[in-house]
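In what follows, a single structure is set out as structure tokens and then discussed.
Chains: A, B, C and D, in written order; residue numbering restarts at 1 for each.
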Amino acid sequence: MRNKGALSKIALAVLLASTASPALAQGGANNITIVLPEQPSNLEPCGSILTDVGQVLSQNITEPLTVIDPKDGTPQPKLATKWERVNDTTWRFHLRDGVKFQDGKEFNAEAVAFTLKRMTGGAFTCNNLAKFGSAKLSVTPVDKLTVDIKTEKPEPILPALLSVAMMVSPATPADKAVNDPVGTGPYKLNTFTPQTVVLDRFDGYWGKTPDIAKATYVWRGESSLRAAMVQTGEAQLTPTIAIQDATNPKTDFSYLNSETTAIRIDTEQPPLNDVRVRKALNLAIDWQGMAELFGTDVLRASQMVVPGINGHNPDLKPWGYDPDQAAKLLAEAKADGVPVGTTIKLIGRNGIYPNGNEGLEAMMTMWEAVGFDIDLTMLDVADWTRYLQKPFPQERGPNLLQIMHDNNKGDAAFTVPIFYHSSGQYATFSDPKVDTLIGEALNATDTGRTKAFQEIFSEVHDRIAVDIPMFHMIGYTRVGESLDWRPNLTTNSEIPLAEIRLKK
Amino acid sequence: MFGYLGKRALHSVVSVLGLLVLVFFLTRLTGDPSYLFLPLDATPQAREAFSALHGFDQPLYIQFFNYLGDLLHLDFGESLRQNRSAMEVALEAFPQTLKLAVMAIFLAGALALVVGSLAAAKPGSLFDRFASLVSLAGASAPDFWVAIVGILVFAVSLDLLPTSGTGSAAHWIMPIGVLMLRPFGLLVQVVRGTMIGALSSPYVKTARAKGVRRQKIIFSHALRNSLLPVITVAGDLATSLVNGAVVVESVFGWPGIGKLMIDAIIQRDFAVVQSTVLVTACAIFILNIAIDILYAVLDPRIRYQTS
Amino acid sequence: MTGPILEVRGLTVDFLSDRDPVRAVSAVDFHVSHAETLCILGESGSGKSVSTSAIMGLIDTPPGDIVAGRMFFEGRDLATMTEEERRDINGRKIAMIFQDPLAYLNPVHSIGRQIAEVFETHGVASGADAKRRVVDLLRRVGIPDPENRVDQYPHQFSGGQRQRVMIAMAIALQPSVIIADEPTTALDVSVQAQILDLLRDLQAEYGMALILITHDLEVAASMADRVMVMKGGQIVEEGEARTVFTRPQHEYTQKLLSALPHADDTDRHRRSATVAGEPILKVENIVKRYTMSTGLFGAAKHVHAVNDISFQVNRGETVGIVGESGSGKSSVARILLRLNEPTSGRALYKGDDIFRMNERELLKLRRKMQMVFQDPYGSMNPRMDVRSIISEPLRIHRDILPKAQWNDRVVELLELVGLKAEHANRHIHQFSGGQRQRIAIARALASDPELIVCDEAVSALDVSIQAQVIDLLADLRTRLGLSYIFITHDLPIVRHFADRIIVMKQGEIVEQGTTQALFANPQHSYTRSLLNATPHPKWETGAASQLSVRVS
Amino acid sequence: MTVIPTDLKAAQKPSGREPGKARVLLGYLVHDKLALISAIYLLILIFAAIFGPMLVGDMATKLGLRQRNMAPFSLEQGWLYVLGADTLGRSILARLVVGAQNTLGIAAAAVVTSMLIGGALGLIAGYSNRWYSQVILRLADIIMSFPSLLLALIVLYTLGPSIPNLIIVLAITRIPIYLRTTRAEVLELRERMFVSAAKAMGAGSLRIVLSHIAPLVAPTLITIAAIDFASVILAESALSFLGLGIQPPQFTWGAMVATGRGYLANAWWVAFWPGLAILLTTLSLNLLSSWARTVADPQQRWRLQTLRRAPR
């Protein structure tokens, strides 16, 4: 009896739902649905550097003072119109006038001070703060639309750093993370449920009124499903699909996604402490064949930052495929008593990037072909991170670690110190010369800075062969035919709705 | 009978408590959540601050007593990831899965009763063979594989159904279809087996000797008796539906508790893992007690136990 | 009487497998007329139920196969009828009563519903009308308080009442023929008599033809107008009941009749020849009390399964414990072997209290005290071969014999109970009931016991086999100097076997004494009712009887 | 008393020309065509699992990055590529053959482990009324109410995903089924007369449980195990779907389906063939176990026999 009751109730619920199904109804041509690969964990503006949060939040609900130009990595005005360095440790920012938060509050120097204090307050975990490293900020409003930001140490790239500081309304609770962010962006949050996030156009926006009136975000884990949803018109855009799903040239666009894949070599552990062995590792891989796996559009990488980032060295040539040379180097090392026969652990991370597992399997086979003894282990993020970061596990033995690095912040300073300085979080080696070079580069500005970083990259690649850079990765998006939009280097971290135009 | 139910309920409470202890300590063995919540390049200081903020720096047993203390105030903890009460997150997702699971198990059960009975009426017949083969094949395929193929065929190629998501009645068809495949296949086998047994039982002979029509023998005598084992199996299958729900919810973007608990453990969102396990365990225990009651309703031998 | 209502001619039924078909009945002819009772008499496996199942269309083909024969009901050939016509005869014209009403009644429907189904199926009545008729029927068959009990379920009735329900169902539409397949076999003798009386009354009232299938000669004698004796699927003898019983022609019928435990009064030397020796077991005031919850928070109820039982067994003596089901006789056996624990009391085995023995002492006792169970098939592990079964006591009590001699001992024991050495390699399912009980006895003898408790040890056996097994037990007693506690519901069986008899009722001893005294002059009314419950031949008018089935 | 099965049973008394048990079973098998095909398929599988790696072992790992996702039914690259190539251009056929070893090995190990542990605990919980029986039952309740995929993930995160751990995880989640079944059977069996008889003979608990009860529970457990085998293969593939199944370079069919699922729209064969292999295996096991049930049921056994009628 009770079963019958439950059944009829559910049937009724289904019926009701079918008559009033708002979720996917396309109310008008300027409403769009975007299908993301994962559910946004939350909508805390302080977590906008996380892809899942940023792709909804950044440039839509919240805006920072500056944005990075993907072409050359330079900071451009957003909520700040211009800025200058007052002295070594102080920058002065001039704020845009007439900007209002979505709750009606005014955007001014106090708001900037509030936002930065909220970020650094420590009452909750602010992910974006990670980009600042150990930099300590103090904010002094000069007048209504001017602020001074002081750092303890000289910070030549502070304007670029501030591109991750999402300005929030002073009405936002300062002591806890929120799921109902209020910013200055062109869209305001309508609803956030376990099924969807809905954004509505914000009428009081300071800039140009965007085309899209309403954006609904949904999420599906399967790439083929996301592709299918755009194909069938259930959605208009998906920022990431797998290479094998990018089959329709009319809707599918590739873009260099600022991610660089590599294998980090644990240079302290024999036989990996021998440069010949490290070079052999680089030479043993059929890079062209590997490229097949990640899409023919991927760029063979010679360094950990993509072209367009300040400090990228365009003259650096990646290692080629030369298994004979690899075998020879290995033989030489062996002759010198290097224990090349030692089993080397190849550590991968599940789901690190599409076809990542297959890639490792292929590389393992190729390395074994030239005479290495490789033992492949796939780890979950938490375990993998133990190998990635200092302090490394005690009994780790010789190991190769699958890594991916994403620098979309315009400057090699977000890459070089952690990887190559002896005190770097990920660094497995210490080289006094490289340390000195890094120290110089970090304090340099303009072309001097660029040159300095370029030298470091060539040093670690050609001389030390410290790691095995693989590819600058390509992302694929599928964009419905009704939209006029192209992905770019920043698509991984933001999808500005305002830039999406409707085809007439 | 009520004494029995009381004992059952007591056992359930003991089990739920045991489960909570187990989940608490097991989840904490799976690793430090700071690696998952902070960006890879976060500083060690930031990690320590994170641990201190959420109490992970304290000894495990202190954490556990704190957790128990909070439980007494019905505070199930905060989701690290979603910035809100973990129980709220779990309770929001639970009805979505419940609806899906209830629909799936009832449809599977109802269909299996019809198909299984018809197959048992003539064992070895063409229909029997066909029904067994098809139902078992459905139950034998990996469900995520069926789900994706289903989307490609019914949503993309044929354009009959929406690919995924929630909303209209059409959105229910594929998730329920995939979810019920396995219970349906197994239940057809159970119904068929028990029905074949029931149809050769003595009381069916009595009915035949009374001149009762065959349909009535099948549905009023044999099927009625076969319901009991079928309900037992259906109950067991219902609890394992949570597994199927994980896959179905993942593929179809269904905001249910299966996907939630898997995401939560992958992301080490301990409070959410604990809350989802608590919610599902309670649901399963309630289901078991409901099955006991249903048993008593269906079987007078249990209902009127005097000695 | 106009010609027969139901007639079967040359019926041959096989059961098929991939071997040669098994012939269940072969060229069987019989008929039954209005108001007549035909008894089909036979032991298990004689095919006595198959022909009536064929009449009712209850044999599934395959695996059944009706090879030949025709069946006529009121002159119409059943084979030429449509399925629907056959179905309409079932329940309306021919009704059937089965042996085990608990299994043959649907457990999940109320008895009212199951009886009303007869009315509904045949379109006679439905709803409240049907229910009223059901209540009347229940009253007629002697169910007390039928208005309330109509909504109860089979398990809520006693065995005898269930059979009455079955009968109510059968007579619902006052059929012309009732087929009763072993209707009283599972019942106590006193209940058996009541059911038989009811059937007789109903037959007189409605004038039905009755086909009664039974293995029990006394039942057959008390009911039959005509008797048909079957063996191995064939009719060996048929005729007017009195003639068959008094002047059996066929050898098999003669054998059956002579196997009756009270067939003659001459002592067949089954009783101990020698006067019993010293006491080996002294049971003092044992009590077994169960606490039952009556559900719904009701107060706990105490039930005395065994209440203050005392008796004594001497060396070389056989003590019979007799009682109907629920009398507590089996509980006594289980308690004495410490399979159940008593609530209080003592049992001194050669002076040592069995209930206070520790594990080691108990193990020693169990060598000396063995048990033979009612169901030999159930009491032996179906997975083991006979060798392992018989040698198991040797494996448990390692000090009896060295392992090398086990095989010889098994063979010796098999021969002792009348089996052959090659039987040792077979499995239990390959033996007949009597052979199985012999194996069980061999097992009990393996550890050289002094006392064997036989719990309904021959009840499940056919009459002809019962006699053989009892002869074997008597013989072993003489040869090995054993003592027995022989538990049974069948008073006549122990008459020539037990030295002393204890009669139990509802957990208490109502009477005990030497066998001769008890049979000659039963003191307690219960004992008398047990003795009198044995059915009387139908043709008999007075106390005298050629069959001497009555004792008093 | 004449119930049909006893008549049949009587017919099976030794008559001197009884064919061997294996012959009889084979006859029953031939009679059920689906079961026969299943049995043949499973035999081939077992053969592949044992000898496959010796025959085509290298081909299963040989890369062909330039023939990635090669379509099936082409013999250009040799017969090993008749089912196409996977995402790294490896022969799918070779991988199916080699993958059979891990797939069946893991499933078999998990099923046997859970059957032994579950069976042993069930024997204890069923036969004894002591406190530890209650503990065992509550533990079973806990595992039953713990969604098994979640339990598997937690344990795998704790222990790390290796083949032995995978087996442990899969076994843990199946233990309650055996435990409960065994216990239910023991509760019934321990009341049986032959148990009383053994007690009366002086047999100890251990002896009764091991030599009288366990052998009678075993057939039920083995029947469940056959079907469970199928569930375990599917559970393992679900773990692969979540990324915590067997880890490369090791692989099972489940892992092959999981990696190939992303290609279903473009290269269906990568996930189709291993999916089909799983389906056929689990289907075969189910069909065979349903055949075995028929064989074990004396009332239904005739369906598998060639019925010989008497001449008319």
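What to note about this one:
Going forward, a residue touches a chain if its C-beta (ideal position, glycine included) is under 8 Å from a C-beta of that chain, and two chains touch if they have at least 3 such contacts.
Computed from a prediction, not measured in an experiment: that's the story for all the values here.
Annotation: B-D is the more contact-rich of the chain pairs B-D and B-C, by number of C-beta pairs in contact.
If each chain is reduced to the centroid of its CA atoms, subunit B and subunit D end up 22 Å from each other.
Between the CA-based centres of subunit B and subunit C the separation comes to 49 Å, rounded to the whole angstrom.
Rounded to a whole number, the gap between the C-alpha centres of subunit A and subunit C is 85 angstrom. Centre-to-centre, using mean CA coordinates, subunit C is 44 Å away from subunit D.
Shown for subunit C are the residues that touch two or more other chains, of which there are none.
Shown for subunit A are the residues that touch two or more other chains, namely 222, 224, 228, 380, 382-383.
Annotation for subunit D: residues touching 2 or more other chains are 157, 261, 264-265. Applying the touch definition to all chain combinations yields A-B, A-D, B-C, B-D, C-D.
Only residues 11-12, 14-16, 18-19, 22-23, 26-27, 29-31, 123-124, 129, 132-133, 136-137, 139-145, 148-149, 152, 156, 182, 189, 193, 196-197, 200, 239-240, 242-243, 246-247, 250, 258, 261-262, 265-266, 273, 276-277, 280-281, 284-285 of subunit B touch subunit D when the two sit together in their complex. Residues of subunit C that touch subunit B in their complex: 56-58, 60, 87-92, 95-96, 98, 100, 103-110, 114, 117-118, 121-122, 152-153, 155-156, 166, 169, 292-297. Those residues of subunit C lying in contact with subunit D across their complex are 12, 14-24, 44-50, 59, 62-65, 67-68, 99, 182, 185, 215, 334, 337, 339, 362-363, 366-367, 370-371, 373-375, 378-383, 392-393, 396-397, 426, 429-430, 440, 443, 447.
Per the touch definition, subunit A reaches subunit D in the complex via residues 222-224, 227-228, 242, 244-245, 247, 286, 289-290, 292-293, 348, 350-351, 354-355, 357-358, 360-362, 364-366, 376-380, 382-383. Looking at the complex, you find that subunit B touches subunit A at residues 30-33, 35-43, 45-46, 49-50, 53, 81-84, 92-93, 96, 99, 102-103, 106, 148, 151-152, 155-156, 159, 162-172, 250-253, 255, 260, 263, 266-268, 290.
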